[in-house]
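Look at the two complexes coming up: subunit A is in both, with subunit B in one and subunit C in the other.
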Partner chain A sequence: MRRKDWILLGGLLILGLLPLVGEAYTLRLGTMACMYAVMAVSWNVIGGMAGYPSFATAAFFGLGAYTGGVLLAAGSPLTVAIVAAGALAFAGAMLLGAVLMRLRGHYFAIASLAVAEVLRELTNSATDLTGGGMGLNIPLSLSGGAGMMDTATFYFLAMWGLLFIAVIVVGFIERSRLGFGLACIRQNESAADMIGVNSTLYKSLAFAFSGVFVAMAGTLYAGWVHYIEPPDVYDILFAVKPIVMVLLGGLGSTAGAIIGAFTFLGIEEVVWRNYLQVHTGVLGFLVVVLLLFLPHGIVSIGRRVRSLRAGHG
Partner chain B sequence: MAELMRLDAVSRRFGGLQALDRVTLDIGRGEILGLIGPNGAGKTTLVNVVTGVHRATGGRIHFEGRDITSFKPYQAARAGIARTFQVVQPFPELTVHENVTAAAMFSSGKGGLREARAFAAEQLEFVGLSATADQPAATLTLAMRKRLELAKALAMRPRLLFLDEVNAGLNSAEVEQAMGLINQIAGTGVTIVLIEHLMKVVLSVCSRIVVLHNGALIADGPPSSIVSDPHVVEAYLGKKYAQMAAQAAGNP
Partner chain C sequence: MFTLQILANGVVLGCLYACIAVGFSLVWGVLNVINLMHGSFIVLGSYLAWGAYNALGLSPWASLAIAAPLFYALGYLVQRGVLNRVIAAPVLVTLTLTFGLDLILNNAMLLGFKADYRKLLLDPPLGSVAWGSVVVPVDRIIAMLLALALTAILYVILRKSRIGRAIIAVRLDRDAARLMGVNVATTYAAAFGLGAAMAGCAGVLLALIFPISPLSATPYLGKAFVVCVLGGLGSVPGAVLGGLILGLVESFGAFAFGPEHAVTLSFALLILFLIFRPQGLLGKRGFE
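Our next item is the complex of A and B:
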């Protein structure tokens, strides 16, 4: 492992100490930060490594939220619900990937965007199972008689743990045969085919890995907020935000994805509190400015400073 | 000569265009076969069909006795068929060494990174790119990229190698070098199909030449008989010149 990987893991471990110092608001923000980071780190597998601009994050999140939510409402333990949501998302992505991943560029982006819409309609119409447009209540039983702080701490640690696992798994993928193959596919897909990369399989795996942890985060989200409805969890913003976060932090880098997610959430909170009327406009403006002046993301700042110094020194 | 690949009435149609028209061809083990023909004759399409980029719309292809007609590109690669691209296709961000390592690694179903790296280094040595091994492939000159293509193809341990215009865009000194490499590769027992425009090159290295014209095979034989074949001359130079050539041959 390289030095920056240790820094990344160390930083993550320190983040896990948040419940020792945090109040309810900080913990809520921390949970959101970890959830966003799970999405961004996951998106990096399909978008950063394979070079396929997926808009399917919202679909995975909603699928996970509803799979987990329905199971939780039926009384299954949280771990079972999480594993089931992850497994369903992985299997679904593998099947769907075999079809979707034949498309390239814009066509793939549009098709992946449609997945969330289809799932939302399905969720809406399966009223008996999901409550349809009425939404789904998830009982509080999970946290038992525990107080508000205990619940907040529990969900923060759960989301943080999920982020930790996602980072480890994605790190392994990066160093594996799969990661090497994805890098080849991103740079020149026909050449990758020609040297023996099974690109359909690899792209489907990348798609599945970009979904599995997001679906698990969806289940945690459902348990955390106790009430979900289709427009909430299949929100198109869940598809767009991870992409912005990754671009903000630095495409293709796990550390970049996490930094991007935290920065994005920070900006979002500050802007939302101070410019309630126009907050989406201001947020969009800030994102555009950041991307214009830092096209390789926040992780490239160090490199830029060094090259500037070298240039003037 | 033992047969390595057999094409049996292989056709490929793109909409209204018959790009390959019932091509029947045997490729013998160990030969250097020249595949020539005017632009648009279907030479690259033939390579694409054999390597699974396009599926044949008719006919069958056998390689080492196996039916590979419906193979995908990665399956053809793992079966032992390699090719270079007419327009070079490196992985631009990977280093030269990583490019070749990828070829060594993915062309065998499994295998470790370490052996792949070592084997890749040998291929770079062979084509003379060791000095640039750690540079990103995007920084290479065209002649070097052509050699990188060759190294990638060799790293796949092919038994059949299609070289699609490896000499296009090279100067005569570079062509000489490339021909030297091709002869050396052939010496190791790899069967080579050479797609080439430079007749001088084809005539000097190939033991047998086949000619494609409008997707159909119009001639097949040793170099000496190909150059005097009126059909070939006609396909390349036009009917009028073929008649003039025939007349000139008639009254010296």
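Our next item is the complex of A and C:
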């Protein structure tokens, strides 16, 4: 492992100490930050490593929230619900990947976007199972009489733990045959096919790994907020935000994705609190400015400043 | 006997869908950009018609003449000022950029017009015509005919006019077109402007039929996607064919499975087409 990776892991461990110092609001922000980071790190597997513009994050999140939510409402323990949601998302993504992953460019982007729409409509119409448009109530499952702070701490640590696992798994993928194969696919897919990379399998695996942790985060979210409804968890913004975070942090690196997620949450929180009426507009403005003026993310600022100095010095 | 009525509804809807999709298809085909603002352009066009009718007493037919140049200018400026800077970037960048622009536009419309549903009510109402058991409102028939006329005008512009030929040349081979003296940046901006003008005009026509709200932008965008994939990218006849298919599928699907499944049905169709016939029914490389 390189020095950068140790810094990343150390930083994450320090973040885990937040419950020692934080109050309820800080813990809520921390939980959101970890959730966003899980999404961004996961998206990086398909979008950054394989170079496929996936808009399926919302689909995975909603699927996980509803799978976990239905199980939790039926009285199963949280761990079972999380594992079930992750397994379903992984299996579903592998199956779907076999067909979706043959598409490229815009066609892939749209097909992946459509998955969330279809799942949302299905969830809406399966009223008996999911409550349909009425939404789904999830009982306050955590050990009966625990106080508000205990619950907040519990869900923060759970989401943080999930982020930690996601970062480690994605790190392994990066260094494995799979990661190497994905890099080949990103650079030249036909050439990767020629040298014997099983590209459909690899891309499907990348798609599945981009979904499994997001689905688990969805289950945690459902347990955390106690009430979910289809427009809330299948929100198209959940498909776009991870992309903005990764672009914000710098495409292709796990550390960049996490930094991007935290920065994004910070900006979002400030905008939400001060300019509720125009918060989507401000988000849009941020996206436009970012893409036009900072296409390689925050990480590139240092590099740019150095090259400017070198140029003028 | 129901069948004929559903058929008539489907055809009316289909012609309007064709008009929604043809500008979207032009931009996608020529610039290789998916313009996620297309739905908001349509809604903005509807607001223009609504405002012109209620504030100035201008009939929607007259609004068309205002909407076309206004939206052409808007599209031209957006392409020239913003999109053109990243036109050569990967799909992800252009797609996300238009998404960001759409967030701004949609938020502005929410602030300006609120999320209330509005309706353009003609006074006096035009009534409806009946052939046997089939009843169709007159305003829908006029909207349908105008939608077809607009689509035909775009077809003629692309085939006969100088800028239309330039657009097709750039789509076929950008580098060769540049060598022949075609200004690619201007051509891109013109294509984007034409796409926006079609969206704005479609919005004016839709104001006669559907309630107007910023929330309708996404469904319109979804329809444009589906029509493009069904009919095939890069052809006006393809957009008409795709529009008609979608209109008929939605009408008959709503009748057979219930209206709440119309969206699922059209997206299922979309995914099937993407897998088995991604070039669509009439797709081709040139834009004719």
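The rule is simple: the second predicted complex is superposed on the first by the 309 of 313 C-alpha atoms of A that agree within 3 Å, B and C clash if a C-alpha of one lies under 4 Å from a C-alpha of the other, contacts with A are read in each partner's own complex, and residues count from 1 in each chain.
The rule we apply is simple: a contact is a pair of C-beta atoms (placed from the backbone, for glycine too) under 8 Å apart; a residue touches a chain by one contact, two chains touch by 3 or more.
Worth saying up front: this structure is predicted, and the values here are computed from it rather than measured.
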Under the stated touch criterion, which partner chain does A:77 make contact with: subunit B (first), subunit C (second), both, or neither? neither
Touch check for A:110: first (subunit B), second (subunit C), both, or neither? second
With both complexes overlaid on chain A, does A:287 touch subunit B (first), subunit C (second), both or neither? second
If we overlay the two complexes on their shared chain A, which of subunit B and subunit C does A:198 touch? Say first, second, both or neither. first
For A:266, select first, second, both or neither according to whether it touches subunit B, subunit C, the two together, or no partner. neither
Regarding the shared-chain residue A:11, is it in contact with subunit B (first), subunit C (second), both, or neither? neither
Contact-wise, after the overlay, does A:231 reach subunit B, subunit C, both or neither (first, second, both, neither)? neither
Which of the two, subunit B or subunit C, is in touch with more residues of subunit A? C
Which parts of subunit A are touched by subunit B and by subunit C alike? none
Would you mind writing out the residues of subunit A in touch with subunit C in their complex? 47, 51, 53, 99, 102-103, 105-107, 109-111, 114, 117-118, 121-122, 124-125, 236, 240, 243-244, 247, 277-281, 283-288, 291-292, 295
Seen from subunit B, its contact residues with subunit A in the complex are 51, 53, 72-74, 77-78, 82-83, 85, 89-94, 102-103, 105-108, 113, 152, 156
Subunit A contact footprint on subunit C (complex, rising order): 28, 32, 34, 82, 85-86, 89-93, 95-97, 99-108, 111, 218, 222, 225, 229, 260-261, 263-264, 267-268, 270-271, 274-275, 278
Inside the complex, what are the residues of subunit A that reach subunit B? 177, 180-181, 183-184, 187-188, 190-200
